[in-house]
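Common to both upcoming complexes is subunit A, partnered first by subunit B, then by subunit C.
Now for the complex of A and B:
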C-alpha cells in the first residue's frame, strides 16, 4: 500500500517559523554578521574572521567580569535556593495566613528592577539610609560606595531580597502538590522531620527547583539595572558584571564588532550552563541503582 | 497481635458539632477481634476512611476511646501504635531503592542492619519483590509500588494490625485478583488483624471473614458475607450488597403476614408477630435471587407485569411492576419467561420484615 504524502501541514507551521525568524533568528544573524566584520561606515566594512572573538576572549577586563559574574550567580543560587525552600517550608499551608504570606512574598517581585536599585541605594547609605545607619550603629565601618566588599554584600542582599520570593513561591506550590498520604505514611513509618524532607519533599520538589535554578541562573547572569543603579559597577570595577561591560562596549564605545562577538559568547555561556543544570538535575534520583 | 476496641467513639470535622448531621462518625462501640480479616464496606463519604484514620492515629476522635488489647491508645501518636496502613494511592519513596523503602521503617526504629537484611529479604520473598530490590521504587508500575507500601507495613515485627484504605483502586483490573489473593495468603501466614476499606462489595465479600457495613457514619451491620446476603440488618445493606440489590416494598403488618396491596404475604418464622405501632415504617424485603416468578396462578402471590428482561448469559434479571413497586427477579438461564403477566411468589423463609429500615425479627436469631 502506498502512503500518500501530504506536505500541507508545513503551511500550518509557517506562521511560527516566520515569527521566530523575525524575532530571534534574523536579529541573531545580524549579530553574527557584525561579529566577523570591522565596520567603519556603511560603505567601508572589512571581513576580519575570528579576530574579535580572539580579542574578546583574551581581554583581561572581560575575563575578570566573567569571573565576577560566575561568582555572583553561584553565590545567589547557593543562598536563594536553600533560603527559598526554607521559607516555603515555614509558610502556613492553608487558610487566611497562607494568602497573606503569599501576597507579602509576591511584593518584591512586582517592583521594577531599577526601582529596586534605587530603594537599596538609599536604604544602604550610611548617612540617611535606614539599613546603612543601622549597620554603622553596630560598629561596622560600612560604605558600599567605597568598599568593594560592602558593595558586593549590598548587591547580594539586594538580589536575595528581590528574588528569594520567586523560589519560595515555586517551592510552596510544589509542596502543596504532595498528597497527604505521603506524610501519613511517613508518620506510620516513624520517619523524622529530616527524613520526610529528604525523602518526600525534596524529591517531589525536584521539578520546581529545576525551574527555579534555571530562572535564577539566567536572570542573575544577565543582571544589569540593579547594580547599575546601586553602585554603577564600582567601586572601581568590583561590581561590574557582564551585561554592564557589554553595554559599555556596544552603546558606550560603539565597538559593534567586539560587542557582537561578546554577545554571542555570552549567549553560549548561558546556554551551556542551563544545559548543564538541566541534564544534571534531571538525572538526580533517577535510573536504577546498583 | 491486637484486639482493637472502639468505645463510644465519635468524630466530627466541625469545631462545635451539635446536630447528629455534624458527625462524620456517629457514636459507636465496636470490637475488631484479634487475627481476623475485616472488610469495611460502604459508599464514598460514609466515614470509612475517618474510622480507619482514627484507628491508625492519624486523626484524633472528637470523643470516645480506642483500645488496643485493653490499653487506651487514643492519645498515642501513629508511630507509637503497632499499626501499619496502606493507602489508596501507592506511597513509595521514589528516589530510594525498593530495598531501602522496605528497610525504611526498620531503620527509623533503630534496628540493626543485620536484622533488617533478614526481614527485608523475607518480606521481599513473600511479595515477589526480590527481582527489583536494587531498583529505584519510582521506576516501578503501580501494583509493585502498592506491594512495596504493603511491605513497609509487613516488615515491621511490632505490627499487629494492617489497615488498608481501598488499596486496589489504582491497580489494573487483571492484577487486582492476584494482589488480593496475595493479601489473603499473607493473612493466613501472618495471622495479623486486617481491616480492609472498600466500596466494592465483591472485594469485601471475597476478602473478609467478617464484613462491617457502614452507612452515613454508622455501622449498620457486622456479619459474614452469608449474613449480609441472607439477613441484611438494614435496608441499606440489602440495597448495597448484591447485584441487583434487595427488593423492598412498603407494607402493612398483620400478625405474621405482610400486607401489600391487599395481598397477604407470609413472613419468615422468626419475625415477631408484634402489633403495629403508629408512625413506624414497615417494609418487606426479599433478594432477587429468592423471589420466584410463576405463570400459573399460585395460592399466594402478587400479580406482576414484566417490563424488562436483561440476559447475563448465566442468568437473567427480570424487572417486574407489582402493586406500584418495581421488583427484580433473578432467574436461571434455562427458566422461561412466558408472557407479560406473571405472579411473584415470596418464599416465607426469605421474606424479611423491616421496621424503620432495620430488620425486624426475634432477638434469638443470628442477628448481630
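Now for the complex of A and C:
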C-alpha cells in the first residue's frame, strides 16, 4: 500500500509516545544514572564511571549465568521450532476439530507463569507427582530438587510444554494462508510430501517463523517465574538464569550500581541477538526463488 | 497420515497430563495426596475450593488481577488504535525509528525495570494500586498492540478512507463509526493478547503491590511458603487461575490462528 507523507500523523502516535516514554525512558534513565554511581543513600553518592560495568563483566557467577542462559535459550529454540512446525503440519485444517485443537493448544499460554511452575512442581515430584512417578517407574533415579541434570531436564520440558503451542499456532496460521492451488500444482507434478514441505510450505512460513524465533528467544532469555517456582534456581545455582540473578542483585542485596550496569548489558545482549536473528533470517529468505 | 495423527495425539496428551494432575490434586485431601499415589481422588472433596472462595484474602487476589488486566487492556487499546492507524496509513518524520523503538520495549527484560518502577510509582504515590500495575504492563502491551493492530489495519484498503473523507466524514467520526467496526476482529485479537500477557506476568505485578492490589499469583506463592505445603489448596488456586484464560480463548477461538500471526498472514 502506498502511504501518504503527513507529519500531522505524529498527533496520532503522541499518546503512545507519552505513555511508553513514561514507562520506559524515565526508568531507563534511572538505571543509566545508577549504573555510573556508588549510592550509599540519597545524599551520599559518588560518580564511579565504568567501574560497575567492569565488575559485572568480570564477575564469574554472572558469566556462568550468561552461559547457562545462552545454552538454555538455544536448546529451547532447537526443540520448540521443529516440534512446533511438526505439530502445526499435523493439525486438522478446518472444522470443529480444528477449533478444538486450537483451544487446547492455546491453553498453556494463558496460565500465569508462576502457576506453570507450580503445575510442574506438583507434576514432577518423585513422590506425589504423576510425571515424577512415571519416570521413576522407568527405572531412572529422578529428583529435580537434588540432581542438577534432572532440574535442567524438568525446566526444559516445562518450557517446551508451555511455549511450543505458540510456535505451532503461528505456523498453523502461516500454513492456512497458502492457497490450495499450490498444493494442487504440486500433486499434478507428483511432488513428495517432503518436496511439498521444503519448496511450498517452509518458504511460506518464513514470516511467522521469524516472529516465533524472535518471541521465543526474547521470552526465554527473560525467563524468571517458572524456574523460580520450580527449582528456586537450584540445586546450587544450576538453574539460575539471568533474570533471577538480576532480581537477587537488585531487590535481594539492593546493590543498585552493579544491578543497573547488569540491566543495561542484559538489555543490549537481547537487542544484539534479535537484530542478528532478524537480519540472518531476512538474508536466508532472499535466496534463489523456487 | 497415521504418523501425523499419532504425533498430534501424543502432543495433546503431553499438554493435558500436567493439567489433569493439577485438577486431580485439587479435589483430594492433603492426607490422600501425601499418603497414597492415586490416579483419581478416592475421597472427592471440594474443601480446597471452599477455602479459596470463602476467604477474602484469597479471592480478592483474583479480583485484583482481573481489575488491573482489564485496565491495562483498555489503556493499551485506546492509545494503540490511533497510533497503529498512523503507522499503517502515513509516512512521517522518524516513523521507522519510532516503530523500532517501541518494539525494543517489548524486548526489555521486566527484571531490568523492577527497581526503577518501584521507585517511580512509590514517588508519585501509585504504589499498591491497580493503575500502577496496569501502567507498568503497558511497557510491553502497548508496543505489541500497535504491532498487531497495524497488521490488521494494513489489510483494509485505503480507498475506504478516501471515500469516507470525500463524503464529508470528519476523522474522528470516520474512525469510530466506519474504521473500527471494519477491524473489530483485529481489536478482539489485540485485546486477547493484552489480556494474556498482563494476566500471566507476575514479576512486575508482585513488585508494585503489597496488599490492596496484590495479584492472585503472588498470593499463591506467599501462602504456600507460610503454611508449610498445602498442596490441595495450591492446586485448587492454580486450577482457578486457568479459568479466565480458558474463557477468553473460547471467545476468540475463530480468530486465534490469524491473531497469533499478529495479523500478518
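Criterion: the second predicted complex is superposed on the first by the 268 of 290 C-alpha atoms of A that agree within 3 Å, B and C clash if a C-alpha of one lies under 4 Å from a C-alpha of the other, contacts with A are read in each partner's own complex, and residues count from 1 in each chain.
Note that in this section a contact is a pair of C-beta atoms (placed from the backbone, for glycine too) under 8 Å apart; a residue touches a chain by one contact, two chains touch by 3 or more.
Keep in mind that what you see is a predicted model, and the values were worked out from it rather than measured.
Participant: Taking the superposition as given, does A:189 touch the first partner, subunit B, the second, subunit C, both, or neither?
Facilitator: first
Participant: Answer with first, second, both or neither: which of subunit B and subunit C does A:199 touch in the superposed model?
Facilitator: first
Participant: Given the touch rule stated above, what does A:70 touch, subunit B (first), subunit C (second), both, or neither?
Facilitator: neither
Participant: Check the residue A:208 against both partner chains and state whether it touches subunit B (first), subunit C (second), both, or neither.
Facilitator: In the superposed model, A:208 contacts subunit C only, not subunit B.
Participant: In the superposed arrangement, does A:24 touch subunit B (first), subunit C (second), both or neither?
Facilitator: second
Participant: More residues of subunit A in touch with subunit C or with subunit B?
Facilitator: C
Participant: Does subunit B (first) or subunit C (second) touch A:274, or do both, or does neither?
Facilitator: The second partner, subunit C, only.
Participant: Just subunit B (first), just subunit C (second), both, or neither: which does A:181 touch?
Facilitator: first
Participant: Which of the two partners, first being subunit B and second being subunit C, lies in contact with A:123: first, second, both, or neither?
Facilitator: second
Participant: Which subunit A residues are contacted by subunit C in one complex and by subunit B in the other?
Facilitator: Correct list for subunit A: none, the interfaces share no residue.
Participant: Provide the residue numbers of subunit A that touch subunit B in the complex, in ascending order.
Facilitator: 179, 181-182, 184-185, 187-192, 195, 199-200, 203, 285-290
Participant: For subunit A, which residues count as touching subunit C in their complex?
Facilitator: 1-10, 12-13, 15-17, 19-20, 22-24, 26-28, 30-31, 34, 83, 86-87, 89-91, 99, 101-115, 118-120, 122-123, 127-131, 133, 161, 164-166, 169-170, 172-174, 176-177, 207-208, 211, 218, 221-222, 224-225, 229, 242-243, 246-247, 250-251, 256, 259-260, 263-264, 266-267, 270-271, 274
Participant: Sort out for me which residues of subunit B touch subunit A in the complex.
Facilitator: Its residues touching subunit A are 53, 56, 58, 77-79, 83-85, 87-89, 91, 93-97, 104-105, 108-109, 134-136, 138-139, 149, 152-153.
Participant: Report the residues of subunit C in contact with subunit A in the complex, numbered from low to high.
Facilitator: Residues of subunit C touching subunit A: 4-5, 7-8, 11-12, 14-22, 25, 33-34, 37, 39, 75, 78-80, 82-83, 85-93, 95, 98, 102, 104-117, 119-120, 135-136, 138-139, 142-143, 146, 154, 157-158, 196, 199-203, 207, 216-217, 220-221, 231, 234-235, 238, 241-242, 244-246, 248-250, 253-254, 256-262, 264-265.
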